[in-house]
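Only one structure is covered here, and it is reproduced in the block below.
In this document, chain identifiers A, B, C, D, E and F correspond to the written order of the chains, with residue numbering beginning at 1 in each.
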Amino acid sequence: MNTFIGCEKTYNEAETVLFGVPFDGTTSFRPGTRFAMQAIRNDSFGLESYSPYLDKDLEDAAIFDGGDLDLPFGNTSKVLDQIFDYCQEVLKDGKKFLMVGGEHLVSLPTIKAAYEKYPDLHLIHIDAHTDLREDYLGEKLSHASVIRRCHEFLGDGRIFQFGIRSGLKEEFEWAKEHTYMERFSLDTLKEKIAELQDVPVYITIDLDVLDPGVFPGTGTPEPGGITYRELLEAINQFQSLKQIVAADVVELSPPYDPSGASTAMACKTIRELLLTLDK
Amino acid sequence: MNTFIGCEKTYNEAETVLFGVPFDGTTSFRPGTRFAMQAIRNDSFGLESYSPYLDKDLEDAAIFDGGDLDLPFGNTSKVLDQIFDYCQEVLKDGKKFLMVGGEHLVSLPTIKAAYEKYPDLHLIHIDAHTDLREDYLGEKLSHASVIRRCHEFLGDGRIFQFGIRSGLKEEFEWAKEHTYMERFSLDTLKEKIAELQDVPVYITIDLDVLDPGVFPGTGTPEPGGITYRELLEAINQFQSLKQIVAADVVELSPPYDPSGASTAMACKTIRELLLTLDK
Amino acid sequence: MNTFIGCEKTYNEAETVLFGVPFDGTTSFRPGTRFAMQAIRNDSFGLESYSPYLDKDLEDAAIFDGGDLDLPFGNTSKVLDQIFDYCQEVLKDGKKFLMVGGEHLVSLPTIKAAYEKYPDLHLIHIDAHTDLREDYLGEKLSHASVIRRCHEFLGDGRIFQFGIRSGLKEEFEWAKEHTYMERFSLDTLKEKIAELQDVPVYITIDLDVLDPGVFPGTGTPEPGGITYRELLEAINQFQSLKQIVAADVVELSPPYDPSGASTAMACKTIRELLLTLDK
Amino acid sequence: MNTFIGCEKTYNEAETVLFGVPFDGTTSFRPGTRFAMQAIRNDSFGLESYSPYLDKDLEDAAIFDGGDLDLPFGNTSKVLDQIFDYCQEVLKDGKKFLMVGGEHLVSLPTIKAAYEKYPDLHLIHIDAHTDLREDYLGEKLSHASVIRRCHEFLGDGRIFQFGIRSGLKEEFEWAKEHTYMERFSLDTLKEKIAELQDVPVYITIDLDVLDPGVFPGTGTPEPGGITYRELLEAINQFQSLKQIVAADVVELSPPYDPSGASTAMACKTIRELLLTLDK
Amino acid sequence: MNTFIGCEKTYNEAETVLFGVPFDGTTSFRPGTRFAMQAIRNDSFGLESYSPYLDKDLEDAAIFDGGDLDLPFGNTSKVLDQIFDYCQEVLKDGKKFLMVGGEHLVSLPTIKAAYEKYPDLHLIHIDAHTDLREDYLGEKLSHASVIRRCHEFLGDGRIFQFGIRSGLKEEFEWAKEHTYMERFSLDTLKEKIAELQDVPVYITIDLDVLDPGVFPGTGTPEPGGITYRELLEAINQFQSLKQIVAADVVELSPPYDPSGASTAMACKTIRELLLTLDK
Amino acid sequence: MNTFIGCEKTYNEAETVLFGVPFDGTTSFRPGTRFAMQAIRNDSFGLESYSPYLDKDLEDAAIFDGGDLDLPFGNTSKVLDQIFDYCQEVLKDGKKFLMVGGEHLVSLPTIKAAYEKYPDLHLIHIDAHTDLREDYLGEKLSHASVIRRCHEFLGDGRIFQFGIRSGLKEEFEWAKEHTYMERFSLDTLKEKIAELQDVPVYITIDLDVLDPGVFPGTGTPEPGGITYRELLEAINQFQSLKQIVAADVVELSPPYDPSGASTAMACKTIRELLLTLDK
């Protein structure tokens, strides 16, 4: 009974699987993203299942809410393996997925799984941070390194970054040669979507791309971000992509969202993405 | 002594009556709007009584703060009757009023009272939600149905809705035939004000029209809304209406406003509306 | 060890001194700015020391974090004297400073000290409030009077105010003859910076110039303000000023910032200002 | 999957039914008890299913978690009817129940249903408040009148009140003739339990009997109450009652429990009561 | 209309005057006591006016709520003078008073005024802290020095301290020669009350005598304190004092009381003291 | 400058080393203990350095505050190794230590290090939970298993547990044969201290032994615990132990302590323990 609003199909009926990954084990500054999916499910009942933007309704879509993965705390690589196995299973069954984090590191196994099925995978990465560190305090498996790890298998020319406004100088330098990066805004997103419309695409949205003034509910607030309207318009542009194979929404941290406004933004983002995945 | 800042005239001296309706009895998701007027009066002392936007001062206006109505909890129809009687009395005495909610359902008796005195009444409705349901879980008297109930006496061509971005598909369909509705923004408000400048107008502002990123203090956060500046500019346009007979501001919920910023926005909205009513 | 991120030079090595003034003794409405610098130092570790806006890094700059002044509570004029002495010492040693408040009254002795060294000093004042009262409840030394007090020694033609949207009618009238004031926005800042590029300039930023919707962490929320992006762009324009002699950032109040988003904005503002001072 | 910890039997297997009543419609001061059961289910996972006090485990007990009743907001008498019907059904099927409120008024239909099956019913009432008002602001159906309403069918000699420390003078006078009342403590509870051991008993626990210093999570804090250990010892004494036919735990209000400590107390109270009901 | 519950007599009718002093200007650690009286008045409506402990009702007592003094911020000695003048006036009119702080320093002028009328005044001081410093960071007028300042006019043998558990070693040494001090508890209070029953007595209660576990709402939490029941019993013993001339309750700090439980304790303390003063 | 109050000796001068371990990586329910030591240092300035209980002052003691260990997130066994190495170094230098967690798992390496130096080590364990699980969700290194892991090297007859009130049935059974366990209270602590007075003792205090009503600031609230006074008296009894070689205080979680009262209790516990270690 306790699913995301309007996502009440069975696994077999579903074309898209929604699931949560309550993991924040490498978060250095302020943990809490583990609570995101529970808050999102509860508060999704404050949202309508109908989107006046897309004129579509979750009640009419083929979506299964698979609940949250049950993860062992304190053992990062076991956690990542378990996520990978789950996604691989879903993809093998011919379905798409929308994963909800957790910290950004949990996108590594989900993108890997999508890549293994779609070797021509392209990645749209919307975030405040570069996430391109070689390692973080010696650890290679860190939220601050997740896109760098993805580059190891995706390679040059496949990663498209938007909204980036924080990182080490080295990361910005490195990006110049290996990824497409738009700093500070999403202004060129539309143009890049046009280029990518026929290839398999994975979309990863770190919600801290939003300005913390309007989206305080994150462990890594980085001022100078975009408004929710700008993000909503971006998501609605994804309609033109013909092959979105999977997506994720990460880094909502309910302990920093006393009013629930950030959780409401996560809910609406997920509704719009689910309706976009469900073609 | 404990009034809204600068509203210290007696009832007899006043041309406009400000009063609060601390009722949230049909709120399904997150109650709390009953605390709005108390918070607004306390925090109004952080505001100046002078508006540099309108170059007018509350100290120079003829406004009486009538306090809050004393309502029986748990009996919705008795509550609505009591509000209606109060407004009818004020209007009979040749005064205007500004009501502060409470949940949106409390606008039903206030609009009804205004309509009974001004049968040619037109309604400007600024909100995130359509509020056009036939009923809500079987109840016809619900915050989600308030404008639909008003349509029963106002009829077609009298209701002008702005900022709407949430509702059932049926509500959006219904609106196409019975109300003027601008979705997502206030862009056409100016033009409609020009059309309405000579008729009697009631203005109802549900503060959740604001984006919850900038206005978290509401029980029904709906992302994708307008900024406070956009609302302020809208209110300042009301100056051109020649016959505003009454107005209301509803749905501030202080429990979801830990910093007081949303309450400050409600206070400033009320100051500007009072100065607009006081011609 | 506990300094603002990347500010680890010694006093002797430094060209710029960062220090905190934890004083909120004349705050009438909601105290709390005394906690600002402690929160800022702690949370600065969530920020990178590198600015992609200016392509500069705090690690490469010559900045000393001098800690917080140790102040006697309950004795305002002693407090102001102590701040003045500290600044005078720093300036005498040929250094610039960035002071972090505290309430806005603490800018009076810092501006005074700068003026005594640079008699041709010009003041850029970014704020929601005029701060031009002759006195506040009989007290001449009040946060609401600080710019009026500065005018007593700076005189006409030296004060440039931006973003102002609150005050008494008398203050707005007075400003017409004695200061340059842009109401509501920062639109003419660029033009004024061009005029001031060769004279000594002090910059005082009251963070409540930001809209409380995006910056709730202040004791004096005044709706209708600017976004953080607008402030960030303004700060980046200060690069063209050739003689910034000192600056301050005041009125962050951590008790009204439950999520830390406002503190993050203060941190980023300070980083950009420090990198701007460090030419 | 989302049940109270260890309550995973089906309705048919169960001897005891646990269910929630998320209603706070007549709460005059501070609403919020509607959120109690949701918080209790979530946080019950921080509790063990085993009780070292009773040496029993919920996993071994025959308990079904029936979820929450789905109630129409704003219509009190419809709500009470619906609760009554549910309880009557459960009792008719030969089961006991433990109801979790909600405000105290929701105990009226549950006690009524128990009384209709067991005409010799006795009531143990643990509370800070008398709840014996004839009416509250004219309404007879109010949380402040619930025990008075129960007296109308139970009659004299059947109601045993403990911990009472707040009410009108008239209520204390009235109680002298119609109920057994121990003021301020639970000291005589043991003795009364001995008297009642062979008759059918309903236990209603208003958690505000606890001192608000240790249990802040209630809308009606009344200082001078008992400690949690005293309540726990009282509950463990209920083991000697041979015929507990039903029970309830009401008035937890999660919005006033920022740390979750009060919710944890409610969870433990429920675990001990369930293990006591499950003989 | 906005008074403490049941205190609705006029000044002339009253025998006891209740008033608030919203001052926390020398608070070094965490300000906020300035908000106490406003919170107390609002929340007093969650309390009954009848005390079952004393079997008396505020409605029957002769009490005037004089509101809060209007104080200039940032000028401590002016504030103290103003408080002194107010109390002197009340005493001259033959009335008693109950003052609600504010920080503890505000008891200095109120005790002084009582002493000037009753030169044989004895002081009962209930607190966690000695408050016997010669000065605090050089300031003689500090919350940490208030009882030492009172000793300057009261002299030896007149000050009776209870519950004390924090201070400098020097303060505890000094107390041995100049005051009666019971450390850690109130165990000897009853005995001392018997000794003082016929002399004029002033009672000052710093609410931080309560353990912060049960009373978190204070700026100076000092663990190891008494329970609220112990305080309530102490207050009820004051009935035997024949000449209580005035009293105060200080140091409630609402910003550290998110649930309102501490405010409820302050309200009940005030109700019991008012009913005790009103003989 | 930013140390625990009064702990300003250098490492070489010190006989006792205080340090923090900001780790909560295996916390399953609610993370946050990583923030404990930072909060404790900040708030220790609200405490006096003098203890009237022990009549000793931190200023006179030989204590070094070694700051917090810098730990790699997401790699539990590396973290434990690093803690072990630090403690071994301190013990080798002939010093004692007081470690402040973090979650309880961090006591494993500190107890191990003490055991390697003192093979006859005895452990006093004060806690709400048994912590005797063989494993937790398959992980042997978990906060729920820490005392079981210690038993692997300490063996039978060396572990003395007090205040225990939560665990699996198997854990309570296992304890009967392998540890001394007092359930629910500390009543026999004095007697056991007498038995242990001449052997080397390590004291580990999980603050959740306190009732969450008085100590909400923990991730694992377990109602029915002891009061702070009972804990304080227990700590003061440790004076009779002649060979305390090290100690720790774990599981304070500042995010669940909005008022700071729990942090104040942790601070006072640490002061008393430091003064006890410093013979």
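Operating definition for what follows: a contact is a pair of C-beta atoms (placed from the backbone, for glycine too) under 8 Å apart; a residue touches a chain by one contact, two chains touch by 3 or more.
The chain list, named the UniProt way, goes like this: A, B, C, D, E, F = Agmatinase.
Here the structure is a predicted model, which means the values were calculated and not measured.
*Asks:* Treat touching chains as neighbours and tell me the shortest step distance from chain C (Agmatinase) to chain D (Agmatinase).
*Replies:* 2
*Asks:* Suppose a student superposes the Cα atoms of chain E (Agmatinase) on chain F (Agmatinase); what rotation angle should they report, nearest 5 degrees?
*Replies:* 120
*Asks:* Across the interfaces A-B and B-E, which one involves more C-beta pairs in contact?
*Replies:* So, comparing the two chain pairs, more contacts are at A-B.
*Asks:* Nearest whole angstrom, what separates the Cα centre of chain D (Agmatinase) from the Cα centre of chain F (Agmatinase)?
*Replies:* From the centre of chain D (Agmatinase) to the centre of chain F (Agmatinase) is 38 Å.
*Asks:* Where the CA atoms of chain B (Agmatinase) average out and where those of chain D (Agmatinase) average out, how many Å apart are those spots?
*Replies:* Distance between chain centres: 39 Å.
*Asks:* Suppose each chain is reduced to the average of its Cα coordinates; what separation in Å results between chain C (Agmatinase) and chain F (Agmatinase)?
*Replies:* 44
*Asks:* Would you give the residues of chain E (Agmatinase) that are in contact with at least 2 other chains, written as numbers and ranges?
*Replies:* Within chain E (Agmatinase), residues 211, 213-214, 258 contact more than one other chain.
*Asks:* Provide the full list of chain pairs in touch.
*Replies:* All touching pairs, sorted by chain label, are A-B, A-C, A-D, A-F, B-C, B-D, B-E, C-E, C-F, D-E, D-F, E-F.
*Asks:* Looking at the complex, which residues from chain F (Agmatinase) come into contact with chain C (Agmatinase)?
*Replies:* It comes out as residues 1-2, 38, 42, 67.
*Asks:* Can you check the complex and tell me which residues of chain B (Agmatinase) touch chain C (Agmatinase)?
*Replies:* 45-48, 50, 52, 55, 57, 210-211, 213-215, 227-229, 232, 258-262, 264-265, 268
*Asks:* Quick check: in the complex, which residue numbers of chain E (Agmatinase) touch chain C (Agmatinase)?
*Replies:* Touching chain C (Agmatinase): residues 24-28, 31-32, 34, 70, 72-76, 137-139, 141-142, 255 of chain E (Agmatinase).
*Asks:* Using the touch definition from the top, list the residues of chain F (Agmatinase) that touch chain D (Agmatinase) in their complex.
*Replies:* 29-30, 164-169, 172, 183, 211-214, 216-217, 220-224, 256-258
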